[in-house]
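Next, two complexes with chain A in common: one pairs it with chain B, the other with chain C.
Moving on, here comes the complex of A and B:
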């Protein structure tokens, strides 16, 4: 295996299910000409499945898109659909006045998903890269306490999901208008002790991961994230973006979610069956923890902001490897926010508000653990879905990931193919894309001329 | 004796629904505690039943190169002996990684069986194949049968290597 000027690197996926992705790198005369990352996208199938369905169905249907972030799909769908609904007799043309308790539960449910997803990624998937292990199993042999801590933290996230969502996998208690059943206050209070432990554990994790050694890679992507209006949340909530907000960017964009199609679009590229997100001006952009943090660090509670400052994590964070630190900080935030919401929780007078649809096109966006998840639905006068568009974070980040990989591979061409494959996997893992589990999700072969 | 049965898979992705479908058929059996998971069973390691159940059975679709619908079984001892390489994807942990973690942490159930049903397609929105549906019924009917045919080494569909015991349809 040599590393001369001409080589073609074909990185086929061995994803959990066949055909979920592939990566190709073309190197000519020592220069990386292009990088193509092809990631399989389930939302395309679900968009088709939604057409003709009743307007109440998308939260349950789209929850099945992802086993890790079903709440994100449910609440983005609900935001879009409820923007087209009214309460009978309210006198409003559009929009629903949602009781505080329902708004609290939605944000709380989302916190549970952030805890679950971020803990999984920080401890089980990403930390082994920095600690020099092939994966979490090998890491567990030397860092048993770390893995046990992660499992315990995930458990509390799971329990919170179950109490509010009915079950941890594909929650069934969520509906347009609210919930099928609202949990009692004491059900949530029973989780406070463990959440308090988890908060301390998460703070320790921030200090641990901030001490990792990070490869040098600085990227100047446009960052895009939601940003809620200050004080717009339910009682107990702070204003870091999770389930609501306007769309803002590091290049000055500041729009309501319904203006999304005017500024963002998805395009088909010949090398990929997946759609790639771009800004209307053609630029690539990045969503996810780095974007959220860089655009909303001022919205963190002062003690968490001080923690970030203590470990040297201050905006703008432009090294994607440092995303593990931001995820750990967001884990502290999600737990902290959950505790605040539970303390302020007032069970809603009704578990769900009765709503009826108004014909039109509705838009909704929330911050999934890995970035903005946008939904758009066209609903007919008789309450059926005429069209649905789902833009997941992974497809938005794909062009930026490819740009990073191009630079990364160029800088590491001296590596042998196997180390390069491993390094590419690590680089991709920074973005937490929706590629399912595998031993090596990239399988690298080299063709020489 | 409590028996915990875990169906792994996705209900909308062809033969990947196998584990969930077996759980559907087992509903109402008072001797079983049933769970469904999608892709990532590691959260079950903190389920009290994982450690205390008399028997834990995991059912998942597999791809080993066998005929579609083939039923494969890995016994507790085989699973203890096998050292699956770590799965470090970007999004979740698979069955083999979860079991590897369980072993590394000393959290293997006292009696664990992994039942694999050979699938043939996993495209979103497609129904399970006839062969897998037949196997699903067989697994649900014969869940309490335990045998340990000779083991061979192959590759499972989650991209994680494990030994397998090929028992064929039964």
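Moving on, here comes the complex of A and C:
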């Protein structure tokens, strides 16, 4: 077939992503010569506009980077800022001892975001690829019940976000030091019945998506994820990485978050797109559900580990198309963890700890639904932001996405343009790329041959 | 409307934004499938690959205009849309990224990008209405799903949507909130901010931070003077208060400029 030789596959506007991107694959003489994921979201310059702002403001401002995972931005910012704060009279030089109730609420809020974001991605953005629909609305024509179940699951995630955060998108109740107002036990307990339903629905979802047909692709990416110290969470919490942990990798890295800049950096490539994440040794790496699961499967409760085992999802999972199964398993975990945290919740004695800043550089990282989100702030003695750096998951994953596309297209050159294009789009959606999240967006102004 | 009078064609467009406002449509869990039965979702990239060619009966526009290409694209969207509604603070006032309108674009660019020459950006982040005519603005950062559903309902029914333009103070009274400023001295933009959120922040013991933008006929100067006199809120804090997600909305812009001039 002649089309295996010289082809150019271009998708100018990728669908079912959060944000705007395009994909270009160049094939010459039967070899994939060039793959590009162009992120053409206009730049919004968050790091520049944070300069000079008050140290309490980054959680609200950086939430606006992404409407799908604002809690990730709020809590990565808070981790970084609180590492530079003290409670007056505490006698500590740096860092704040948070009451258990505040730590419970933060992890619980984050579980809610995982539920909302993962259910959106698994059912509404990614499942249509596997079932052969243009989107979830078209899918609903044949699978109404499935889409209704997904909407009901998302709703409980959003309700939990509302109760704790005061709003599902861009929560208003989250602040440095804690919350503006801590919810009462009864407000959380009112959600238990629906969460219990959602847990069962999520278990069914794991079995459903595990039965999908997965295109063949095995990739040996370096995986990077957080990993908390065992038992370091608040009462009720287990230790799968969400809002805390050291940074570890499949190649043996194990560092505290403050050592991040020594091991990772972002490159600004001329051919456009978001900044690309690299390890200092030059290697590309992968963050997100596959990395989290492969590095932390031992941290799942035994019944969820058994469920993963039952559906044949055992670490290491190296086919990126199977990320949908891991996302479904993490959805069960997030609901399960939310139920544990609600059962153990003790409202904090104060909704927020009063804190004052210490001049210096603070680092914070959490596991956004789509992978590690790192923030760094330099704060002045009078409490202003002198500098900010934000490394979102999608810019870290971009080199891995391009590597997957290259590999996949090379192995599937006999496919016609339309199915190959769709499979490539599906490969991009494996990473749930939140392109709005990529912070550093560029227009394509320089073409590279 | 040409072919399918029973099912209006709806398109959802994205410019510089976080995706949160269009996500509000997918977050209408109880209404989404019913809406999809009543309208034809003809262009909504966040939800579907399916693209039905324009023209469109209703276009929902998220995001601000920040690049030369987008300034062109919004004109095209206007041309192919019967009704154009902006959704959220970015589309109606330039959004948080409009903070750059108060700074130096070249400096911003070189702070964030190692190779600033690769980046094409307009100097300002602007509201859609500065480029084309807009039929209705939905406020909020993000918009409220209930207001979006109301607007879609109203358009389907051929009536005017109910979106109040009074201040958040009215919503606090309706909700029975204790005034956070009077009771605790917390700076609150409620008196000058448009209703629509149901006074979410004061209900959580927090001052309103103005994410719905200025209410009809606001008097921010009077509010600032009162906060300064009664509670000693200083100019730098007042400046920050007005300069967030609706910083470039005219009433908030002129007030923040005033504090910039007098700030030490």
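FYI, the second predicted complex is superposed on the first by the 415 of 449 C-alpha atoms of A that agree within 3 Å, B and C clash if a C-alpha of one lies under 4 Å from a C-alpha of the other, contacts with A are read in each partner's own complex, and residues count from 1 in each chain.
By our rule, a contact is a pair of C-beta atoms (placed from the backbone, for glycine too) under 8 Å apart; a residue touches a chain by one contact, two chains touch by 3 or more.
The model shown is predicted, which means the values in this text are computed figures rather than measured ones.
In the superposition on chain A, A:428 makes contact with chain B only, not with chain C. By the touch criterion defined above, A:181 reaches chain C but does not reach chain B. In the superposition on chain A, no contact is made by A:217 with either chain B or chain C. When the two structures are aligned on the shared chain, A:137 is found in touch with chain B and with chain C. Within the superposed three-chain model, A:51 lies in touch with chain C and out of touch with chain B [touch as defined at top]. Set against each other, chain B and chain C differ in how many residues of chain A they touch, and the higher count belongs to C. Judged by the touch definition given at the top, the superposed model places A:172 against chain C, while chain B stays out of reach. In the superposition on chain A, A:60 makes contact with chain C only, while chain B stays out of contact range. When the two complexes are superposed on chain A, the residues of chain A that touch both chain B and chain C are 14-18, 42, 45-46, 48-49, 64, 67-68, 120, 124, 128, 134-138, 140, 144, 147-148, 151-152, 154-155, 158, 168-170, 425, 434, 436, 440.
Contacts from chain B toward chain A in the complex involve residues 10-13, 16, 36-40, 42-43, 45-46, 63, 84-94, 97, 100-101, 104-105, 122, 124-125, 157-161. Looking at the complex, you find that chain C touches chain A at residues 14-21, 23-24, 26-27, 29-30, 32-33, 36, 41, 44-50, 66-67, 69-70, 95-97, 99-100, 103, 107-109, 111-115, 117-121, 125, 141-142, 197, 200-201, 203-206, 209, 211, 240, 244-245. Only residues 13-20, 41-49, 51, 53-54, 57, 60-61, 64-68, 70, 120, 124, 128, 134-138, 140, 144, 147-148, 151-152, 154-155, 158, 166-170, 172-173, 179-181, 267-268, 270, 272, 275, 351, 422, 425, 434, 436, 440, 442-443, 445-446 of chain A touch chain C when the two sit together in their complex.
On the chain A side of its complex with chain B, the touching residues are 14-18, 42, 45-46, 48-49, 64, 67-68, 116, 120, 124-125, 128-129, 133-141, 144, 147-148, 151-152, 154-155, 158, 168-170, 425, 428-429, 431-441.
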